[in-house]
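What follows is a pair of complexes built around chain A, which joins chain B in one and chain C in the other.
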Partner chain A sequence: MTASSAFPPALVLILGGLLLPLLRGYARSIAILALPLLTVWLVWQLPDGVSLSARFLEYRLEVVKADALGRLFATIFAIMAFAGGLFALNQPRVAELAAASVYAGSAVGVALAGDLITLFVFWEIMAITSTLVVWSRGSENSYRASMRYLQVHLFGGVLLMAGIVAQVTDTGTIAFTAMTPSTPGTWLMLAGFLINAGAPPLSAWLPDAYPEASYSGTVFLSAFTTKAAVYVLLRGFPGAEILIYVGLYMMLYGIVYALLENDMRRILAYSIVNQVGFMVTGIGIGTEMALNGAAAHAFTHIIYKALLLMSAGSVLYMTGKRKCSDLGGLFQSMPLTTACGIIGALSISSFPLTSGFISKSMISQGAVDEQLAVAWFLLAAGTAGVFLHAGIKFPWFVFFQKDSGLRPPDPPLNMRLAMVLFSILCIGLGVWPQPLYALLPYPVEYAPYTVPHVVNMLQLLLFSGLAFFTMLPLMRRTLTITLDFDWFYRTLGKWVLDRAATLTGKALRRAETEARTWIGVLIGFVFRHHGPEGALARSVQAGSMVFWMIVLLGAYLVLYLV
Partner chain B sequence: MSEGKHWLVRRRSIRVLWIVFVAVLAVLAVGDVVVYGHPYFGLDGTFAFYAWYGLLTCVVMILLAKAMGVLLKRKDTYYDGE
Partner chain C sequence: MIAAHLPALQVVVPLMAAPLCVLLRRPALAWALTLAVSWVVLAIAVLLLLQVLETGPVTYPLGNWAAPWGIEYRVDMVGAFVLVIVAAIGAVVTPFARRSVEHEIPRDRIYLFYAMYLLCLTGLLGIAITGDAFNLFVFLEISSLSSYVLIGLGKERRALTAAYRYLIMGTLGATFYLIGVAMMYMMTGTLNMADLATLMPAVADTRTILVALAFLTVGISLKLALFPLHLWLPNAYTYAPSVVTAFLAATGTKVAVYVLIRIFFTIFGGVEVFRINLIGDVLMGLAILAMVSGSAVAIYQNNVKRMLAYSSVAQIGYMVLGVSFATVTGLTGGIVHLFNHALIKCALFMALGCVFLRIGSVNIGDMAGLGRRMPVTMASFVVSGLSLIGVPLTVGFVSKWYLIQAALEKGWWPIAVLVLFSSLLAVIYIWRVVEVAYFRPAPEGGPAPAEAPLSMLVPMWLLTGASVYFGIDATRTLEVAGGAAAFLLKGTP
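Right, the complex of A and B next:
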């Protein structure tokens, strides 16, 4: 293992992102598009194993270490940075573009980190830069959401740091390898990873913060944090049984909350939790088939979720509206956006001939192989539910349903190109999955296109479509949000703190009054005895002193004589 | 009246779409007779399993969401004062 000094691919996007604000016009646009391409090229130049190491304290950091899994995630993160950058070329806020570039770069850094310390450094850069992406929209709401988001992620970072310290103390090595959650250190690390994946109970950070970013910011956000978490779970905790339960819960949580939601980008945000739930379940199942499925699903998910959020972002950009109850009928004037949104919706629903079909079904196959009946039935229900909340609900309420009277045209060229690019990838991977299968960490022996599989999937999806359209009156949009776990820190926590502040304020004031009274009494006492009139401080004349001396001596004489 | 509307939203087209949709559903469900899948867990070997299972679970999920909505839905200005 000879460590050469290759240039870390992550630094291209990180340093390039920091330089973006200095560039103007075409130079900036070229940089936004060229940096991710250069990153992909560098990632594919890396040989297997450690390419760059450094000394830190008494440890040897493996700053860049490549294998199939790391390369897969680094590649899709860079592709995402390219398409997201293309979509955001007309974004006037350069702070968002710079933050997004550093954010993408640090995600690449996580995917190629060979040790826990390097991993942690890039992990925290991701937390800060993603906060900046939310914050850079510049509204009061986005500022508040970004601060709540940052607190959750800093908490996750603290858990991860504590876990790493405990793990390094236990094992004496900083290597990032497969673990089982059995010691306090590994449990803490797992908790830190799961917070970023959007796992319960803190999953509300995701639908709270992501939809508060700008039309293009949310596209970036959808890709990196949760999928970097999927990556570290794949590498760190494959086959950890608890992940099956966590994943299945996330899957159903995402569906139910998305069904209740009115804001189009919050629907898609809940759907991220739902999709990551599928991946986490696959990681928990832990067979080569299921792990391949989770990795492949992360890859395809980044593409179709970004595509969905691009179509939602285009609608927001052109109309300024984000609530389903304000939208509808847009297919008439935004045909391309509608078509791309539908392709994304079909892909997330794992419709045959789209990318979701060739990735998600590998996770279900993993459940079959392990004879996990309950998990398999829930995964099937979840697949039907995805079509319900994202596959139909999103395009239906945004582009069809009632006519809102809005007639905006399709968005500018760069945004259209980004959507078309990702639409092509969604269908391309669905029709021709071999190139993706070749990138997966384990050899793939899976044929998605069998007649029963296609027929079964079409039955499952189209009959859930039937459920949607027959129960449409129950799905009517209302101007509501749905309370989630964040209520505990946004409302209950705030109330408790306000009460605590009032009570301690009162207590302090009472204590102060009491103290003043007693100090007054004390001062009075001292003054009475030691003040100018005090018995202990009266000035005494020399004559009276002599008199008292004579009295004392006289008394002494009398005592002596007696 | 409906002449000015986009063809997709005319009443007639919607009826045609429904007819096509139901026909496709019927073909898919009946297709189970011809297509031999291999059931993994028993229950999934029942007739048109994916069809009735998809429909049933979706109805359950919609009703579950509705029930949770009763408890947890708030006006979307709920957090505005914070």
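Right, the complex of A and C next:
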């Protein structure tokens, strides 16, 4: 069924991941590191256009189709799989490593899918394997969180599938090209994509599930699902205006909740929503500059967010604690982790000379070019807010602040290496952005380092830093639980459903009783012989069936004869 | 020479073999005979399908009595497809049956079991092959009576009540069908389906015919367990021996759907009936109720067999939904789901047969840790379960794809969403089993159950493999189903 001989890069990680549990010791470690590298190599061997197709039903699937955008995302997904694997080498649960590998592979598959059906297949594999990553931590909490996570994603999958079928019915083609949300099919697909991006009203799945994974699992999770969603939005809905509003909302949502949060990894999870909000806004703006910015920001975001979660994961791994109120003063014994955490924090706040600066500013520039003043102000406010919650709050409360008395050493070598690698990438891309710019889908004529821009950014960051320390007493977190939208479906929804079930049950029973007595007069003869008087359960059942037969027959007769 | 008599042989071979089984008496011999017969039957069915694909419908006047007077066997695309489904399931279930039957049925009754099994096969094949409305009733009764006995052979005594209740309901259904046929005979003077189809337009608007249609619809709805007439099915499937459940779940209701299609599209000329009489709307409403309520009820079942029985109710909803669209896409989806669901459900019930053989229970609570103890069986359950949900690359996806497309072609959004919603419910009930089998520790103490014997694993995996194979390469099944749908909608018999 294959039309050409190229080996799909996604399958390297997927098949390799499935074989991981069979390997032991060094062989496993080598496989974990070699598979992503092989994937990167294969991705760069692909010529532009379709290099693997297959027949399915009456359609031609374009299983592997490469272009600049797809290659960019496939590359960063594979790099992420490498660094995440390096960080997770001493993770004893092989199930997590295997699931993460397949998860990364399916993300690569999404990035290289040329048609909607292939996209959907990889999309669903991604949903299932990411659930397994959450679940494989093995605690009761993570199990429950993974199940909630799975439900949201299956629901997203249903929307996507319905959208795809509708789109195919409308257009007659399964090609995955740029669309505008105008028909029900495209709206449904957009909704399915947005659920994975962590868009409202279902954003809560992300901060709910990600922090429940293991110290290494969260690192993987932060990279693939939301960024794959960014990728499909980039390809499928560039310039859809609604995305600007959705993105701005996500940005503010992430900041507010991150500021209220006490769990260090939940802070970072909320900041994923916030950062994806920047990208979604960029996609909504839809100019070449903004789209480039969104793609570049996804690239750099994967790196610095993974770096932040690695440093948080190292802290969790060494101390077993995750709440800001339990931590503090760790810089004394974990200097490297602190340094890497700060580099990540500076990058996410788009400090000049870090990777965040060179990518996020492209999105703002896109807003400026389009004269979107409100969007630009909100983006600037968002940047300040990011600095507050992720740039200062996270390193301050975890590594400095009061002395918690904890004196753990830096984590093992492989984890340190992974952090150093990504720190170098953060700084490197910030200083030499050109290699990244060369990979972007559209030609880049943009110089991030102009005097006004740098000064502007520094002012913004310094003032928000000032604000943080002035308001420090307000920022200090205590053990609180913040209610999010998920209260509606986790608590209220359950209550409503239970009530509805009871009420409809009652109503149905009453309806049947009434109908029985009512029609009973007409069909009393049949009823007397099979009715509930025959106390035995079986005669009630048989009677019930005969009752329904008569009802149906009556209904048909009325329908036909009228 | 023999090729010309294939339609007759299709039914006569298993019919003659049934009394032979009784004469042989020895369980091993009866099984061997059944095995040979079921394979011969499959060969005949495949040959017939090839013949139909090549030359169009095959007719066979029984005893050389010409058509409208004598009984005519008539194999067209739909019929041949259903014949292959039934025969293939029969051929796969028989090798599976040997160990399971030894375990679940007293030794002195095994030969009776195989005799009944062959009779049931005869009846189901006969329904699909005959071109005569009354003859169809006869085969319906042959298959029904033998299936009452088969269900009653279940180990628990509740099997008897289940069979008895099914007997009462089934008889009512058959009677309704017979009343319908009699009314048609009254108006047209013929029982031959092709003949009925040509005479029907002239009398189509008379009250008698409309009443006949109502009786036929209700009678067949009961046989195919269409909501709300499904109440006999869960108990019958739950308490029947494992083999019987696997066989009937894959064939019994499918053949009933075939009869429904036959009546609407061949005898009543399809589209006209649907347009005038709201029949499509009623069927569609019931089908949707079946899809949603069947799946919802399945979630709360603790007996896995019962759970799958309710899931069958839901899946029947899918098939009837496809039929009720009365479009080529919808009918294709319905017909292809006949085949796909037969594969899926048969494999699932076979897996439960293996489980029952080893741990003596199919309650969800007793299946803890089975994923490690019976890995091959449970892996098959998982793959078939995924197919039931409709994951891409399985047959379930193909059916779902066509049904949703059919709904969207007509612009009926809510229905497409409901189809998907119901498949989400399937995720939940399949997941419940997966969770218990893989993520709960096996109970301490007691002997660890071994993997099921090879004679059961091979047939089960054959079906599981088929449900993946035809999910990836659906060209052949869709060609036949699509051809059948187009043929039926032409309105000519």
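Operating definition for what follows: the second predicted complex is superposed on the first by the 492 of 562 C-alpha atoms of A that agree within 3 Å, B and C clash if a C-alpha of one lies under 4 Å from a C-alpha of the other, contacts with A are read in each partner's own complex, and residues count from 1 in each chain.
The working rule: contacts are C-beta pairs under 8 Å (C-beta built on N, C-alpha and C of every residue); 3 or more make two chains touch, one makes a residue touch a chain.
From a predicted model like this one, the values you see are computed outputs, not experimental measurements.
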Partner chain in contact with A:553 - chain B first, chain C second, else both or neither: second
First (chain B), second (chain C), both or neither touched by A:158: second
Which superposed partner A:455 touches (first chain B, second chain C, both, neither): first
Touching partner for A:195 - first (chain B), second (chain C), both, neither: neither
Of chain B and chain C, the chain that contacts the larger number of chain A residues: B
First, second, both or neither for A:463, with chain B first and chain C second: first
First, second, both or neither for A:309, with chain B first and chain C second: neither
Contacts of A:331 with chain B and chain C, given as first, second, both or neither: first
Residue ranges of chain C touching chain A (in the complex, touch as defined): 161, 164-165, 168-169, 172, 176, 207, 210-211, 213-215, 217-218, 221-222, 228-229, 231-232, 277-279, 282, 391-393, 398, 401, 404-405, 408-409, 413, 416-417, 420-421, 423-424, 427, 472-475, 478
Interfacial residue positions of chain A with respect to chain B in the complex: 144, 252, 255-257, 259-260, 262-263, 323, 329, 331-332, 368, 373, 376-377, 380-381, 384-385, 388, 403, 451-453, 455-468, 471, 474-475, 478-484, 490-491, 494
Chain A-facing residues of chain B, complex: 6, 8-9, 21, 24-25, 28-29, 31-32, 35-38, 40-41, 43, 48-55, 57-59, 61-66, 68-69, 72-76, 78-79, 82
In the complex with chain C, residue positions of chain A that touch it: 1, 55-57, 117, 120-121, 124, 154-155, 158, 161-162, 165-166, 168-169, 184, 538, 541-542, 544-546, 548-549, 552-553, 555-557, 559-561
